[in-house]
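Labels run A, B, C and D following the written order; every chain starts at residue 1.
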Amino acid sequence: MKVKVGVNGYGTIGKRIADAVSLQEDMEIVGVTKTKPDFEAKNAVKKGYKLYAAIPDRVEVFEKAGLPVEGTIDDLLEKVDVIADCSPGKIGAENKPRYEKANVKAIFQGGEKAGTVEVSFSTLSNYDAARGKNYVRVVSCNTTGLTRLLYTIKEDFGIKKVRATMIRRVVDPKEDKKGLVNGIMPHPVSVPSHHGPDVQTVLDVNITTTAFKVPTTLMHLHALNIVPEKNVTADDVKGSLDKEPRIMLVSADDGFTSTAKVIEYARELRLRYDLYENVVWEDSIGMDDGEIYVTQAIHQESIVIPENIDVVRAMFDLASKEESMKITNRTLGIG
Amino acid sequence: MKVKVGVNGYGTIGKRIADAVSLQEDMEIVGVTKTKPDFEAKNAVKKGYKLYAAIPDRVEVFEKAGLPVEGTIDDLLEKVDVIADCSPGKIGAENKPRYEKANVKAIFQGGEKAGTVEVSFSTLSNYDAARGKNYVRVVSCNTTGLTRLLYTIKEDFGIKKVRATMIRRVVDPKEDKKGLVNGIMPHPVSVPSHHGPDVQTVLDVNITTTAFKVPTTLMHLHALNIVPEKNVTADDVKGSLDKEPRIMLVSADDGFTSTAKVIEYARELRLRYDLYENVVWEDSIGMDDGEIYVTQAIHQESIVIPENIDVVRAMFDLASKEESMKITNRTLGIG
Amino acid sequence: MKVKVGVNGYGTIGKRIADAVSLQEDMEIVGVTKTKPDFEAKNAVKKGYKLYAAIPDRVEVFEKAGLPVEGTIDDLLEKVDVIADCSPGKIGAENKPRYEKANVKAIFQGGEKAGTVEVSFSTLSNYDAARGKNYVRVVSCNTTGLTRLLYTIKEDFGIKKVRATMIRRVVDPKEDKKGLVNGIMPHPVSVPSHHGPDVQTVLDVNITTTAFKVPTTLMHLHALNIVPEKNVTADDVKGSLDKEPRIMLVSADDGFTSTAKVIEYARELRLRYDLYENVVWEDSIGMDDGEIYVTQAIHQESIVIPENIDVVRAMFDLASKEESMKITNRTLGIG
Amino acid sequence: MKVKVGVNGYGTIGKRIADAVSLQEDMEIVGVTKTKPDFEAKNAVKKGYKLYAAIPDRVEVFEKAGLPVEGTIDDLLEKVDVIADCSPGKIGAENKPRYEKANVKAIFQGGEKAGTVEVSFSTLSNYDAARGKNYVRVVSCNTTGLTRLLYTIKEDFGIKKVRATMIRRVVDPKEDKKGLVNGIMPHPVSVPSHHGPDVQTVLDVNITTTAFKVPTTLMHLHALNIVPEKNVTADDVKGSLDKEPRIMLVSADDGFTSTAKVIEYARELRLRYDLYENVVWEDSIGMDDGEIYVTQAIHQESIVIPENIDVVRAMFDLASKEESMKITNRTLGIG
């Protein structure tokens, strides 16, 4: 029997979850919601997803636009085992009572506060903590990217301290009203940023983060300083990262001189140029004063998708962490 | 018997031609050339394309990088019926003697001057002019976009005059050294720009163009004023454009508010978010003083690909214009 | 006796008006308003402007921030002969009843609708229409730029038709939340844009406009096609524009290859790199089919400042158009 | 008697040095060189600077353009005591033999290697090292910014270790051909970047740096982690930085939310919006694990100007460090 999954909010994250769930044998997509009948809604229908109105009284708006709607979010909730809430940040928390009332498990995204759920989740670091849970939050793109890399290093070498500077894409590529056209914005100005404590909801590590927005849409970039517990060499670190399929090593020698080149590569690889993997510059891995320096790029639109699949298996106790990762990686073409 | 095609320069245009040729039953890719063993070269090998060194004395560079090379461009020329020259602008002309010596037909791209070839080419307007020819130039992305739209309007309504303002993406998405970060650049400053005369190499029309570079990578945009010979309404124009499969109508009502949204749509549609079609804003088609106004966006990286396939059929007299377009459109998923 | 001027909204336009009024012998700044005590408010105080709270109940907010406040907008209105409303678009109309009640003349900016005022204003084209009036709107930056150039051409050669494509900076340089990071946005999608009719509120001319937003902050650019009534040469047009001090001719030969270079020049010229003049590329002036082509750049932050000074003289009947322009140009360093 | 100064290369740095020297009582500008007669050259003449051809055989080019030229760089060298070499990076080293032959002292900029000169220079940290020297290099914008801040902290609290992430503007605002339009570029990819060792040419401190280019033109930004020798509080650090006039504290509460806002402020302050001061976000100064975190922005075009003035006094033994800083600060309006 397959777990019946609904997606509330067929946007940047929601549409990717829908496609990824469709590739799993132990899950199926029952339906997706949209707030308006735009080209994304039409795409959903074209792909065969059943469409529901995210806002109950907008059913007519879809019908006027000639789009078949199966009902409202409440109708969808009656048919699913779990809902992936992909609403804009903070709206998820407002939706929670609706899910509780419908007696449906729910997955929230990183824009929600940790306090909204029973447990925050990142596959590598704490898969088991989500087993059997009803309300789980998959941490944000930046936190997922940090956690994967730090978990891997920590397992192999231990970590005393992490100092991370996040250089963030200011908006996603599809945005045409928000942004920062020319400038650099400390975000937040005060130190540390919220990313450090967010990592600590899923991984026990001493981390301090600062974050800055810059006028690009493609990827986030993390400049990391990691103080390991053991003595290590740059090659040790490369070896450690290289064995984790959700981390991809690239090299400037191969032409990967910027996130622009990384995305050019991704355009060949997957539809929507999705990069589920942390992209780590192999040549950036260096040691100085016994501390590790490493630079990685994170595709903010897609990096959390594998974790959103794994979390379903954890919440319904369908598989062990290793089994789930194996299936997710295989179906998504990771590694 | 299939036409044996080689690609000289597996870059932005070259890699797309290679993939498109691979989808045709009447053609096959014999090999592709690269100047250096970067991730693009590795991708070519991964896809099964035989790799040749574009610059003969660089064979060793590829071998040192662990990439299998079949030989040099000259070796490739011995095995093909036609070479698609996808070198950077002006280099194609330098390559021509090499092709002549090898007695191989050659397709050049829009970066070369019209004088380099026997005939310039754009499927809709002058397919037959290329029949049996040996050296043909597929006109540039902007010229292809203009020609498709103007040919369609001209066939239906006649054209007295065209005034076109081209707002150009300054560099392709993969570039990370060239550009214009904040500003608008008349290019050229003097009027008219070269695009008007370039259209006239393939279509008989009275056209004046101006062009400006702006800091974006995604698409070019054309703001067109067309004086038709017949009396027409906006609906007439919509109907005319709507029936041509290589022109796609989109609407701001569906959420297509900018080229950013158009590309977001394309990311769902095709690998590399290729858009072989002119993207015309349906809502932009308007009449004023008996003149047509219309806005279109052009995906500079992929719009010439259908024409590069058709031109092979014309040069080898494999099919009529209508037959070739039908096959090309079907295999590339156009229309 | 000097005309007592107040500025409601010491922002991008307001602060420039305050400084420009301060340079006039027949006017004086009585005070300026701000909504919050940020660095702009502190600058105002540092420059010696008396500060008033634009929103009456925020006086305390300023006091807490240690900024001396003279009172509220209503207190300011009691002391002035005319208020320059520099509120964000549409707010000006909401303020009008307040000005009427205080029996104070008011100047509105281009973000307000023409219907809000007795007359729309652009010095060159209709100075006299504002004489003695109480509520006048200085047209927007784009409209001011178009009107100056078209008035000059029309006076000398007559105009049958204008077709203008506006390539607009998406936000001002100081914005760090709004924008368009990568893309081109038709704005509006439908033709014609509102700029044409807006020009017609101050100049009798047959004009059709289209407009597009692009990711730059520095200047707008206008690509113009003008059909003159008389036969003219490019040199005639240059001569015509060259004699108007509020139009500055520049040349690519001198290094003016883009708006980035124009602003680099302006940084040498005036504080805030203000360019009160239309910047016309001399090399862009060309004739084709008897039609004039010309490209100009418009500094959106400062181009309306001379007109905001002239309008005071018109409303209080202090000087003829020629006299006012002479004084304004001299005090602002134009020509 | 005034020191006679020449500027070789009246560009971004050169024109600012010329203006700053003109404000000093103990120096004078004898002449400036240009390679071509563009608007910058015309501005130089308009300001009264005597113009010389940087490339001897181009005198005619200037004359044809109607610009009076006094001679060549060699003629200029005969008349000066010291030449400020403001050539593009690496060209300065090529010019050195010319200066030696003319027996003229020379100041080089940060684009040259430390090995080119007798000593590298940054006023606060090593003024005295340049006393009486003939060939001195003023370190680059990023290094100057780092050195000022680190010297100040080190003097007050000692420094065990510095980890700095530099987020760099990709090109200056005037550039319209180079750049990075959409992306983030590790530069260099390998750690550490050259900035750390460059700081060490003028300040004895343990520092590791990484650097990234982002698509903005306005300012560089530095995210700093500093391990002090003494126990300090955030207020101690604020107090330390606040007393150094070449460091300016700003606050997000005052509206300084990004480098875009900082530049908006600077546009009010000085022609060309020059910011000679390090701009430190007061709200960014925080302590974590006994380590200082602080964010500063650096105006790459102007921050080295005060140091270029001080270095003349050091090389000619005109004043002590304190005296020179006092004069330079007063004449440039710093503090």
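FYI, a contact is a pair of C-beta atoms (placed from the backbone, for glycine too) under 8 Å apart; a residue touches a chain by one contact, two chains touch by 3 or more.
The model shown is predicted, which means the values in this text are computed figures rather than measured ones.
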Item to complete: Please identify which chain has its centre, taken as the mean of its CA atoms, farthest from the centre of subunit A.
Response: C
Item to complete: Count the C-beta pairs in contact for A-D and for B-D, then report the pair with the higher count.
Response: A-D
Practice prompt. Let me have the rounded angstrom distance from the C-alpha centre of subunit C over to the C-alpha centre of subunit D, please.
Written response: 36
Worksheet, complete the sentence: Chain-centre distance (mean CA atoms) for subunit B and subunit D, in whole Å, is 46
Discussion item. Centroid of subunit A to centroid of subunit D, CA atoms only: how many Å?
Written reply: 42
Discussion item. Touching at least two other chains at once: which residues of subunit A meet that condition?
Written reply: 173, 175-176, 180-183, 185, 215-217, 257-258, 260-261, 263
Item to complete: Make each chain a node and each touching pair an edge, then name the shape: line, ring, star, complete, other.
Response: complete
Worksheet item: Can you name the residues of subunit A that touch subunit D in the complex?
Response: 161, 163, 165, 167, 169, 180, 182-186, 189-192, 206, 208, 210, 212-219, 221, 223, 225, 252, 257-261, 263, 281, 283-284, 286, 288-289, 291, 293-295, 297
Response to the item:
Within their complex, subunit D touches subunit B through residues 170-171, 173, 175-183, 185, 215-217
Worksheet, complete the sentence: The subunit A residues in contact with subunit B across the complex are 15, 36, 38-40, 42-43, 173-176, 181-182, 250, 254-258, 260-261, 263-265, 267-268, 270-273
